[in-house]
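Here's the structure we're looking at; comments come further down.
Per-chain residue numbering starts at 1, and chain names A, B, C and D are given in the order in which the chains are listed.
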Amino acid sequence: MSGNTFGKLFTVTTFGESHGPALGAIVDGCPPGLQIGETDLQVDLDRRRPGSSRHTTQRREPDQVRILSGVFEGRTTGTPIGLLIENTDQRSKDYSKIAEQFRPAHADYTYHHKYGVRDYRGGGRSSARETAMRVAAGAIAKAWLAQQGIRVRGYMSQLGPIELDFKSWEGVDDNPFFCPDPARLPELEAYMDQLRRDQDSVGARITVVAEGVPVGLGEPVFDRLDADLAHALMGINAVKGVEIGDGFGVVAQRGSEHRDEMTPEGFLSNHAGGVLGGISSGQPIVAHLALKPTSSITRPGRSIDVHGEPVEVVTKGRHDPCVGIRATPIAEAMMALTLIDHLLRHRGQNGDVRVATPRLGQR
Amino acid sequence: MSGNTFGKLFTVTTFGESHGPALGAIVDGCPPGLQIGETDLQVDLDRRRPGSSRHTTQRREPDQVRILSGVFEGRTTGTPIGLLIENTDQRSKDYSKIAEQFRPAHADYTYHHKYGVRDYRGGGRSSARETAMRVAAGAIAKAWLAQQGIRVRGYMSQLGPIELDFKSWEGVDDNPFFCPDPARLPELEAYMDQLRRDQDSVGARITVVAEGVPVGLGEPVFDRLDADLAHALMGINAVKGVEIGDGFGVVAQRGSEHRDEMTPEGFLSNHAGGVLGGISSGQPIVAHLALKPTSSITRPGRSIDVHGEPVEVVTKGRHDPCVGIRATPIAEAMMALTLIDHLLRHRGQNGDVRVATPRLGQR
Amino acid sequence: MSGNTFGKLFTVTTFGESHGPALGAIVDGCPPGLQIGETDLQVDLDRRRPGSSRHTTQRREPDQVRILSGVFEGRTTGTPIGLLIENTDQRSKDYSKIAEQFRPAHADYTYHHKYGVRDYRGGGRSSARETAMRVAAGAIAKAWLAQQGIRVRGYMSQLGPIELDFKSWEGVDDNPFFCPDPARLPELEAYMDQLRRDQDSVGARITVVAEGVPVGLGEPVFDRLDADLAHALMGINAVKGVEIGDGFGVVAQRGSEHRDEMTPEGFLSNHAGGVLGGISSGQPIVAHLALKPTSSITRPGRSIDVHGEPVEVVTKGRHDPCVGIRATPIAEAMMALTLIDHLLRHRGQNGDVRVATPRLGQR
Amino acid sequence: MSGNTFGKLFTVTTFGESHGPALGAIVDGCPPGLQIGETDLQVDLDRRRPGSSRHTTQRREPDQVRILSGVFEGRTTGTPIGLLIENTDQRSKDYSKIAEQFRPAHADYTYHHKYGVRDYRGGGRSSARETAMRVAAGAIAKAWLAQQGIRVRGYMSQLGPIELDFKSWEGVDDNPFFCPDPARLPELEAYMDQLRRDQDSVGARITVVAEGVPVGLGEPVFDRLDADLAHALMGINAVKGVEIGDGFGVVAQRGSEHRDEMTPEGFLSNHAGGVLGGISSGQPIVAHLALKPTSSITRPGRSIDVHGEPVEVVTKGRHDPCVGIRATPIAEAMMALTLIDHLLRHRGQNGDVRVATPRLGQR
């Protein structure tokens, strides 16, 4: 298909432009009988919502999602779930200027050449706004996975030059950065304020962890769990790198150091990030992603217009100085969607997942 | 499907265990009229072949590929291309010991729990030997892409702690490391010799580059070119990380630094690695991958057997001390397979690719 | 995927229950630049709309479709097209009685056992109402195919025992039966009036024809054009049989009679229905489908309830005495969706379709 | 993909030309632990094999299949199963004449225009010989389905003008026609002898039945069980029509006649052919297919050559005067492949199939 469907058994197909009438999605293949409602989806949508702090875009959208099908009397019926979010706060005039310009580091240039025509308002389909539907669909996946004892959570592990060590899950959701170490918050606030004064933006690193995943998810050779996670996470706007477990750290590791030894009590380490041979090992699945700095900054930049003429681009409008700040719920959603799809695929070929549950504890 | 098919329009489906009778693949969707023969595939297979230097496994396989269909009078007919490589040098006795043991960092444990049964000989399906068919299929993709002026090449950019700067493509194929800087070869040789004395293994970093790719390849939102490249490259045995362009380097970058400005003469930089908004920009596409150290080392390691009892594992047999050394042709193949599939998908929806050719030169 | 997506490159994914808030669809992979608007879709929706004559259900739905994305300034942008139809005339009370009963020949019984839960109101997802979105999506496909000189049209070739010979396309759309022979209309009217007096329903046979299809569409071996047409047409509610060309008539034919001979001026006959070896021959593509009688009739029928107890079912509510009467636009839509998907797939693998245009005229 | 893969979870991908070195297939997604061997596949291959009676082509192929992967110590491992059949009896000289001619009713003309190049020897990829791999793959599906209590069988229900009523399964496999009424065999023999004297060919009708199928298989809306069966059966060479249950007989039926009433003891009839709303009802699944007469006959026929010049075609070589005679095992295979794929898909979304088992007996 042409790229707007994710998954094989649990599929999510999305539509919608930043400044069109609405965003929508169809979630197909959800197991029947799951208790779910609009409020359950809203929780994650609100975590991703802009305007939640002064460090994110001031575009204010209620992002109110409606469930149009597939849920009857509070439970999923196994039929496709239609989701809709109306766009309310659009201000198209903000964007009229750039109709003929290619903003540096944006998709304007590539969309223009791929399709020959594009909805230039706010980036149209390439806007980060599209990720709202992923978060809504991911909330359904999370709810079902929770029933299986699987929990997907994420946090910011680096903001620009500031590395953040994981302290605890507590409080991660209580700050706009999804920072796992509340003591560092003043530092982050100060950095962001300086960034705004510099009229610049910066990148970020997000870490996502899935716990309670049974042994056996993942379809070698090509559709390995780690390969599909890489596809899912690299498919998020602005992501330029994905790691599983130690990631690029393995390059300089020795085999005697990297290999996760096992005892009857379980694994002694998790350098692999919970995936061996493309299949989940029963350990926590750990992934990291790198997000580039926001492309829309008010500093003038050199570019060209659709006629090939040089132009100076200044991106006005309301933008996050660090797109990574709001990326954590999106990364969680994409990991959840990957896991549920693989769990259903595994169950299809191999039957009841319990048979694949490890007979060992895990560290 | 259950993971053994790659691609949507140009598809590769593979089969084969390390110590079964043969490896095979079906390449479906290849455009008709392409001049191709077994010798063309053999070139890349020989680049990947074990035993080509003292730094790789001494298992000696001619890896002679046969084309069984889809090519008539030297040209592809548009029908599926059947490929076959008979396994000749197997020595199953090397592996009989580990039938009931889970080798640390191997897929033994996960295969056992996923399927309940496994071909334990040499890792069976999880053996790196499986990648031979990817290389053979990739050679067909490369040949067709070459007709479109697209060239895919790779090199080793880091061996363990030794970082290797790119000097020139010349000579990359003349050394067993695919090292882009011949002056560093003695250093690499010495490092590998010490590694063998240490009875240990090490990781590596590979860089792959595609030149001549037209603007417009990639299907947002989920099947972006970079997302599908991440899927393709993370799906290679032992890979734990994938980067596009500056990769994790973008985390600490400023937006004013990262954005690739444009002039009528072309882009002024390529931090993005040739992909904007998930679509090729016409610049060279640059990807990096991290490979973990070889799991099979002769140093004893703690593990368990299928009964959950503790065992000490010593992996005999013939193994590469660095799987990364032979990974370059595999990475090239996976990038080539990703590009041809996206080119055909793009052509399907948007018609002749020439309409998407950039009107600017590229730096 | 779980069955709610049609096509591989030009995909249609639908959602919606008969008595839920809305029906919707996402059309993905539509070529960019196509001029299309809601009014273009409305034309076919109105042809399918209930209440258009006294011979169809009196449920009155404006079936007003909205385009929510993928069309900008009147042209498709290549991004997914979101479609929505709000359900307005629902009267759920009509259906409350049958919540626990399985209506004979309906999907109540199978949905109940497949999913364990179902939206029983008006058949929910299994209602013929779902086909509205197929018609809307089909209208987009028709518009693009028309640009390529391809025209898809259908008519009723049999109503119950009454066989209808094709006279001309003129007038087919001017009568509620899509009858190709206006002289027979009084006969059809009389038959339907008697049928209503009998409190019974009847089946129908629909014929669909595509003209202007170039040679070369269809992907042997499994995804032949005729096989995919069979999938598309058998997937319409109530269809129990599909024929290509002479269909079941070929059983008693001799090879010397069936084979369509060729001369430099073209084919001398079209027993094959425009498909040879699963690939379009350039002749008109002709398909026939058989629709079963409406299952909802007011005559009491024996059945059971969810507890396995015997019940007598009398289906009230507003139903077509012949579902076939409104099936023609649906059949056209499914054939159009099949053709555009195959045309894009062909173009992807083989490039510009013109190279596949026949060098002969066609009879 | 380009048409050579069947199924979504249990996939079969085939390759091979009639006169190339070999035919092959990859069966992916087979559940692990199934006891299977080459001899099990050979049984069905021998049922389909040419030369088994004087009424089929005298081309003599041992059709010896080899299993190259996916089976270890007699049981499937869950990894892809590679299958290979070497072509032995080719006699290419028989076909050299028609290299530049388009045989009427053959795929020569359409392949030539679709691909611009073709392997003309014996029809190449379009030869019925390709179906051998379907039969081999189908035998694996049948073996697994048998474990679930599902049995797929077929018979010839009409040969040319001769309709054959089903008497019993006994003896169906003991005659070359798969005739379900041994008393009619002399009649069939006589008809075939006359046909050969007439230098002509004839069509046939095949019926396939699956018993023991649980309630709940099939994915509405598009991937209904009946729609996918239609795709599977229409995809067999020479098939021009497919019916489920009463098929085209429903056109003239009344609703009061067609609907299969239910009692606590089960259904009272099976006009639906075991599918309601696209989902299996637990009743036997019944499908019929129509095969056209063999196109290769020795009677001269008018056609053109690749230059558009008129030619008289006389098809020599060894051909079945009725391709339908050997079609029964192929139809069984395609139904079995459809059922196993849907069973695995159902199990993926809905879990253990037992929950979908009907609580009623079935007639």
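By our rule, contacts are C-beta pairs under 8 Å (C-beta built on N, C-alpha and C of every residue); 3 or more make two chains touch, one makes a residue touch a chain.
None of these values were measured; they are calculated from a predicted model.
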| item | value |
| --- | --- |
| From chain A, the most remote chain by mean C-alpha position | D |
| Turning angle required so that chain B lies on chain C, C-alpha fit (0 to 180°, nearest 5) | 180 |
| Identified repeat of the A-B interface (over half of residue pairs identical), from A-D, B-C or C-D | C-D |
| Rounded Å distance between chain B and chain C, as computed from the means of their C-alpha atoms | 45 |
| Centroid spacing, where centroids are CA-atom means, of chain C and chain D in whole angstrom | 26 |
| Separation of chain A from chain C, taking each centre as the mean of its C-alpha atoms, in whole Å | 38 |
| Residues of chain A engaged with two or more neighbouring chains | 1-5, 8-9, 14, 29, 32, 78-79, 114-116, 125, 220, 345, 349-350 |
| Interface residues, chain D side, partner chain B - complex | 1-5, 7-9, 11, 13-17, 20-24, 26, 28-29, 32-33, 66, 68-70, 72, 75-82, 84, 114-119, 124-125 |
| Complex contacts: residues of chain C adjacent to chain B | 8-10, 29-32, 78-79, 220, 344-345, 347-352 |
| Chain D residues touching chain C - in the complex, by the definition given at the top | 1-6, 8, 14, 102, 104-107, 109-111, 113-116, 125-126, 130, 158, 160-161, 198, 200-205, 215-224, 226-235, 237, 239-264, 268, 271-273, 276-282, 290-297, 299, 301-304, 308-310, 345-346, 349-350, 355-360 |
